[in-house]
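The following pair of complexes shares a single chain, subunit A, combined with subunit B in the former and subunit C in the latter.
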Partner chain A sequence: MKPKIKDIEINLEDFNAMIASLESILAHRKKRPTTKSAELFYEHQINYYKDIRDAKKNGKLFVLHSAFAPVEILYAFDVIPAHASFLVGAIAQLTKKQGEYMDASSRFGYPWEVCQGHRPVVGGALLKKAPKPDLCISVQIGCTNAASSTMGLARAYNIPIYYLDMSYGGKREVDFAYYIENLTELIKFLEGFTGKKFDWNRLREIIDIERQIAEINLEIMEMRKVVPSPVRHRGFTQQYSVDMFTPGIPEALNFFKCVRDEIKENVEKRQGPIDTPERYRILSILMPPNFSHKLLDWMEEEHGIFSVGEPHMAYWPPNIKLDPDHPLESLANKYYNRPMVAQLICPAQACLIPDTIQLAKDYKADGAIFYANVTCHTSPVLIRSVKDTLLETAGIPTLVLDMDVADPNYTSQEEMQERIETFMEIMESYKDKRRREGKIS
Partner chain B sequence: MSGRKPLETLRPIERMNQQIPFIDEIKEWKARGGKVVGWLCDYVPEEVIHAAGLLPVRVSGIAQEIPLDDANAYLYTTTCSFVRTCFQLAYKKHYDFLDGFVVASNCDHARRLFDVWDRYIPTPYRYILSVPHTKLPQAQKFYEREIKDFKKSLEDHFKVTIPEDRLSESIRLFNRARRNLRKLNELRKEDPPKITGAEVSKIMNACEKISKEKFNPMIESILQELALAHRENKTKLRLMISGSVLNNPHYIEFIEDQGCTVVIDDLCTGIRYWWDEVAEDKPPMEALAQRYLTRFPCARMTPGEERFTKVVEVAKEYKVHGIIQEMVRYCTPTAWERPWLRKSLEEAGLPVLQLEILYGAAGTGQLKIRVQAFLEMLEMQMEDL
Partner chain C sequence: MAVAGIDIGHRSIKLVIVENGKILSKKVLNSSEETNTLAKKILDQTLGEIGLAPSHLEFITSTGGMGKNISFTNLYRTVAYCLAKGVHGLFPKARTIIDMGGETCNVVKLNERGEIEDTQSNDKCAAGTGIFFETMAKLLGTSLEDMGRWALKGDVQFEISSMCVMFAEQEVISHCHENPDISAEALSAGIHLSIAERVAGLAKRLGITEEVVVTGGVAKNPGFVKFLGERINALPKVPEDPQIVAAYGAALIAEERKKNLQRDRKAG
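After this line comes the complex of A and B, so read on.
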C-alpha cells in the first residue's frame, strides 16, 4: 500500500540523531586523537548539517541539489545548499535506518534498478524525514541516478525544481560554452527566486579560495607519489566530501592546508601514516562502500595495502584553471575536470582509461580494486575495459569487488576481506613477473 | 492474433522481421557497394546519415531473448538488457556489416555501450552525439552545433559532401515516412482497430531497418489494403504500452492473445519515432535540432511532467482502457519516472499494469496470468460503466 504523503508530518528526529551521532564520533576522535585533519573533517561536517537544520531559523533559503551542482553560485546568493544524496544518505546510515528509507521508496514503486546510493533521498522524502528545502536543483552530470533522485524529492514535497544541463563529451570548448550559458540562466532564475541581485564579488572570492585549494590538491597529488604512501585511505574520502559539500569556503581551505601539512610531515620523515609498513600500492576505482570505511583501515593496518590513486575521487588534472576574474569559465573548467564528474561526462577513452593508466604508472601501483556498486549503471560497465587496459599497459591486476555501496547485506565486509586476501597473492605474482622482466626493482 | 485475415502487403515485412539484423535489403545495399551506419537511440538524426548517401539502420536486438554471456563479461550484469543484447550481437559478429556506429548520449547505458563498443568492436567509424536533456533555446543551439559536427565527421570519414539541398530532400523523405506512420496509427483509433499492435511493431521494425525509399511505397500499399479490408476483431479492450525499447512483435502478440488490442504505444520504437515531423521551411540543421529535441520526449528529458501530460493525452486520444507500463530490466530513466508516471495515469483514471521484462523475452506463464487478471479487471470496469 502506498504511503499517504499528506498524512505524514515532517519529522526531523532522524536528522537531529544523525548530527548527534557525528558529534559523538568527533568526541571519540578528540579522546583518541588520530590526525588534526580528521577532527577538522568531523567539525566541518557537523557545521554543514547544522547550517542546513537552522537555515529557516536563520532566515536563509535552503536549496537541496543533486551531485555536483555549482554550489559556489548558491553560496554567492547566501542560500544554504545541501547535497541531497549525501544528506539523506547520511541520515539513513548514521541512524541505521537504511532499510526503512529504502523500503519507503520501494513501496511507492521505485524498482530495484534505482541506485542504492541515491534511493534514500526519495525514501526520506516519502517518509517526510528528509529536510524540506525551498528549491531543488537537478544537474545532469552523466549519471541518471544522481540527477533523478532530487526530482523524486521535489515531486514528493511538491516544491519547485530547476534543471541544470551539462553536455556529454566533456572537455570541449562547446561543452564549456553551453555550461556557461546554463549557469547564466541559473543565476537569472535565482535572482528571481531569491529576490536578490547576484553578488559577483562574493563569487570571485569563492573562486579565489578554490584556486588555492586546487593548488594544494596538486601539491598533495605530487607528494602522494612518494614511497611509502604518506596518506591513509580515509584521507581521500574526506577530501572528496569536503570539496563536494563546501567548495570555496574558508573552512574548506583550512582543512586542505591541514591535510597538506600532515602529508608533508610524513614525506619529509619518509614515513607512512601508520606503523604498518607499506606492502602494496593500489588504485581505488569508483567508491569504496559507505557502510564500511573500516575495510579501508583493515587493508592498511593488517596488510599494508595503501591506496595511492583514486581516479573518481582524488584525481585533479593539472590543467584546471581557476581565475577569480573569470568566475563562470572557472566553474566550467572545474566541473568538467573534477574527479567523478569528468569520468561520468566524458567517453571512457577520453578520460577514465588514460587517467587510470597515468595514475598506475606515476604512482607505481601494484594492483587496482574496482568497487563495483551493483546498482550503479555508469562505472562498473567499464570494469572489463579498465581491467584489460591496466593489464596490457601497466602489467597490473584488478580485483572487482561486487558490492552495494550502501547496503552491507549484499556483500559484507568479511566477504570483501576474503577476496582482498586472495588478491594479495595475485598482486605478488604479478610483482614477481614485473621484477623478472626488469620493470621494477 | 487469431481469426484475422493476414495482410498480403505485410508479407515482405514479416520476412524482414525474421531476418533481423542483417536483412536481405541491407545485403543488397551492401552488394551494390553501399555503406551502412548503425544508430542507437532515436535522438540520432537519421536524415544526416541518409543525406550522406549512407543507409541508416537502427541497432537493436532480435525478437527473442539470447544468451548474454559475452555482454555480461564485457559490460556488467546490471547494464540494461537491451544494450547487452546489442553488444552481444555485435560481439558475435552479427553487426559486422556496419561501416559505422552512432550513439546518442541518451542514457548511462547507451553511453557506456559506446565506450565498450569503441574498445572491442572494430566497426570502422564510431561516433557519439551529445544530446541535451532540455529543449530550452540554448539547448537547441547546442544540439544544432552537435549535428553540424556530426555531419562534418561523416563527410570526413566517408569522403562525401552533404549539400543543404540533399539534406532538405532527406528531411522530406523521412517526413513522408512519419506521415505514413501517422496514417497507419490513425487507423488504430477505430473501434475495433483494423490492425494489431503486433503488426504495427513489425512495420516499425522494417521502417527502422530499410531505406525510406523502399519503406514508403511499402507502407503506402499496406494503407491501401487496410482501407479496403474487412478485418474481424472481437476484442473490445484497448491497451497502450508505455516504456522504452520494445521491438518484439511476439511479446505484443502474446499480450493481445490474452484478449485485447494494443492500439497505441509510448515507446522509442513506436510513437516517439514518428509523432513529430521536421519543419521543411527552416534551415535544415536548425529544423533537425528543433525537431529532435522538442519531439515526443522520452524518460531522459526534463522536466518529466511534460512527458506525463503528453502520455495521458495520447492515451485519451486513442481511448485506451488501460496501460501496460513496461520496463526493460535495468533501464535507469524508466525506473526513476515509473512511479510518477503511474501516478499521473491513475489520477487521469487510467489503470496501469507494471511489467518488467528482459529485452527480447517472450511471454511466460506468469506474464499470462498477470495480463489476464489485468484484462479481467478492465472488463469489470467496462461493465460497471
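After this line comes the complex of A and C, so read on.
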C-alpha cells in the first residue's frame, strides 16, 4: 500500500544534491572565470538555499511563497522566505528529476495542462523534497497556476496558507490603497504567527537598499542602449532571480553593483561581453526555457544575437518611487509597476505593450522573441497584440517560440534553434527593408 | 561547375543539381536512419547518371529536418529560407507558401523580394502532414493517389473533429459503422476537408496573401489542394514537382555562394 502523503518523511537528499551541484558550478566558474557577477550569482544562490535548509537549526521560521509575494516584509520579520516554484523547480532541474516530480504531481491530480513551471512544486512537495515550511503565502493574481500550486503545496505539507490579494485594474490610487490595506493585514497576521512585533525600521532599511538597486537598474538600462550590447544574454535571468527572490538584502545590492561595474567597463571600452560580434539586437519577452539557458549562449556565441531588453523581466520602469519613509506605499508602487506583475493586474495596453514598444525603439531592437509557454494560462493572450503592435509601430518582427518552460519534450533545444535560425532570416529581411527606407544605416 | 541542394526530411531525401540556373537532375528517395551515408550515395549516383564527377560540384547546400547532420555539404540553411528561395525562383509573385511534408507543415509569408516576412509551423501533430494521409489511405485500403482522386468526386457528409491521427482513425471507423453505405469517395472527401480546414487555420494566422503556392509531398494530392483552395479562398499554385522545391532553393543558394566565391577569387 502506498503511504499517505502525511506519512511521507522529508527527504533532503535531492535538496543537498542541488546545493552540491551549484557548488560545483561555482567551483568551475572560479577555475575558469567569466565575470565576477556570475560567481556572485552562484554564491548568492547557494546561500539562499542553505538558509532555507538550515532555517530550523538556526531557530528561524521558513515561509514558502508564490511569485510576487512581498518578500521584504518577510525579511523584516527575520523569517526565511523561499519562492516555491523557483525552489522546487531548481531542485528538480539541477538533480534532473523533473519527470519524477511531474509524475507525482499528476498522481495528485495536477495534469499536464497545469503550467510546468508550477507543477513540479506540487510534485516536489508531495515527495517532501524540500524542508517543511511553517507557512505558505499565496498571492492572488492573474496567474492561476501559481495560486493552484501553492494550495497543493500547503495541503501536501499540511501547513497554513495565507492569501494576499492584489486587485485587477491597473496602477490606480484605489488599487494601491487596497494593496496597502492588505499588506497591513498581512503584517498583523504575521505578528500573531511569529509572536514578534514588526520591525518597521528594518523594513525601511530594506526599502532603502531596494531604492539603491532600482537606481542601479536605471543606470544599467541606460548603458544597455549602447551598441554593441555590453551585456550577456543570460545576465537578465540572473538579475531577475536576485531581484525578485531576494529583494532589499545587502548581497543583492552588491551583486547589482558588480553587474553595473562590469557593464560600465564594457561600455567604456565600446566592447561586447564576448568575442562574437553583435549581429542582431532582440527583445526577450517572458521567460526563456529554464531547461536550456544554453540556448541563450548559443544565440550569442553562434549567431551574435543579443538580448537588449526584457519588457517582462529585468525591466525597471523609471516611475517606481521607493521611499524608506513610506515603506508600504513603496511596496505597492513596486509590485504594481514591475512588468511581470503589471501584465497580470492591468490591461496590456496600459503597461506591457507601451513598455515593449518604447524598449524596441530606445534599444534599437531588430526583433523580439516571445517565449510562449504552452501551459501558461495568462500570457498567450498577449501574443497577437504584442506581435502586431511591434510590427506596426516599431517595424520589427516577433518570433513566437512555442515551448514548455520546464519540459524539453515539448520543444527541444534543437527545434528552437531551427526556428531561431529561420527568424534570423526574417530579421535580416526587415533590416534590409529599414535600410532601404533609410531608417537604419 | 555545378552546385547541389539537398533537402533531408524525416521521410525522404530530395536532391537537385543545378548549373547556371538550369536543373540538370532531380531526385526524391525515401530516407532511412543513415541519412548521411544515403545522401552521399544518392548524390554520387545522380552525378554518375548525368556524367559528372563529384569534383564537378563546386558548392552544396543542405536543408531539412535532418539536413544539419550532413558532413559533406558546405552550408546548411533552414527549410523556410530554402522554400522561399525555391518558390520565388519558380513563382516570383508568390506571397504565401504552404508546405506540407512527411511530418511537418510550414506556412511562410513572403514579401515582393521573395524574403521571408513571417512563418508558422505545425511540427507537434500529424494533422496536415503526409503521414496523416498515409494512415488514412491505409485505413481505406487504397493508395494515396486514389484517395486524392476519390476526394474530388465525393460529397462531404462529415468532418473529422479529432486531428490526432489515432483518434481520427477511430472517428472514420465510427462513421463507417454509423453509415455502412457511405462511399469511399465521401469518406475521402470528409478526410480531406477536415485536414484542409486545419491547415487553412494555420495559414490564416499569418494572413493569406496571393499568390499562394503549395509545396511538399502532400501538394501532389489534387483533392487536398482543391479543398485547401476553398478554405483559404484562393487558387493555390502547385509546382511541377512540389517535393523538390526546398532542395531547388538550396541549390539556388549554392549558386549564389558559388558566384560570391568566384568573385572573391577574382578580387584576389
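Before moving on, here are some points about what is shown:
Throughout what follows, the second predicted complex is superposed on the first by the 436 of 441 C-alpha atoms of A that agree within 3 Å, B and C clash if a C-alpha of one lies under 4 Å from a C-alpha of the other, contacts with A are read in each partner's own complex, and residues count from 1 in each chain.
Methods note: contacts are C-beta pairs under 8 Å (C-beta built on N, C-alpha and C of every residue); 3 or more make two chains touch, one makes a residue touch a chain.
Please read these numbers as outputs of a predicted model, since none were measured by experiment.
Annotation for the three-chain superposition on subunit A: subunit B and subunit C fit side by side. Once the two complexes are laid over each other on the shared chain, residue contacts for A:V114 go to subunit B alone; subunit C is not touched.
Using the contact criterion defined above for the overlaid structures, shared-chain residue A:E418 touches subunit C, although it does not reach subunit B. Once the two complexes are laid over each other on the shared chain, residue contacts for A:M151 go to subunit B alone; subunit C is not touched. When the two complexes are overlaid on their common chain A, residue A:G142 makes contact with subunit B while staying clear of subunit C. Contacts of A:P397 after superposition on the shared chain: subunit C is touched, whereas subunit B is not. By the touch criterion defined above, A:F198 lies against neither subunit B nor subunit C after alignment on the C-alpha atoms of chain A. Looking at the superposed arrangement, the partner reaching more residues of subunit A, out of subunit B and subunit C, is B.
Using the contact criterion defined above for the overlaid structures, shared-chain residue A:S429 touches subunit C, although it does not reach subunit B.
Once both structures are fitted on chain A, no C-alpha atom of subunit B lies closer than 5 Å to one of subunit C.
Residue ranges of subunit C in contact with subunit A, taken from their complex: 65, 78-81, 84, 111, 113, 115-119, 121, 123-124. Those residues of subunit A that touch subunit B in the complex are listed here as 108-111, 113-115, 138, 140, 142-145, 147-149, 151-152, 155, 161, 163, 165, 167-169, 174-175, 178, 181-182, 185, 347-349, 372, 374-375, 377-378, 380-385, 388.
Per the touch definition, subunit A reaches subunit C in the complex via residues 397, 402, 410, 415, 418-419, 421-423, 425-426, 428-430, 432-433.
Of all the residues in subunit B, the ones that touch subunit A in their complex are 73-76, 78-80, 105, 107-109, 111-116, 118-120, 128, 130-134, 136, 138-139, 142, 145-146, 149, 300, 302-304, 327, 329-333, 335-340, 342, 354, 356.
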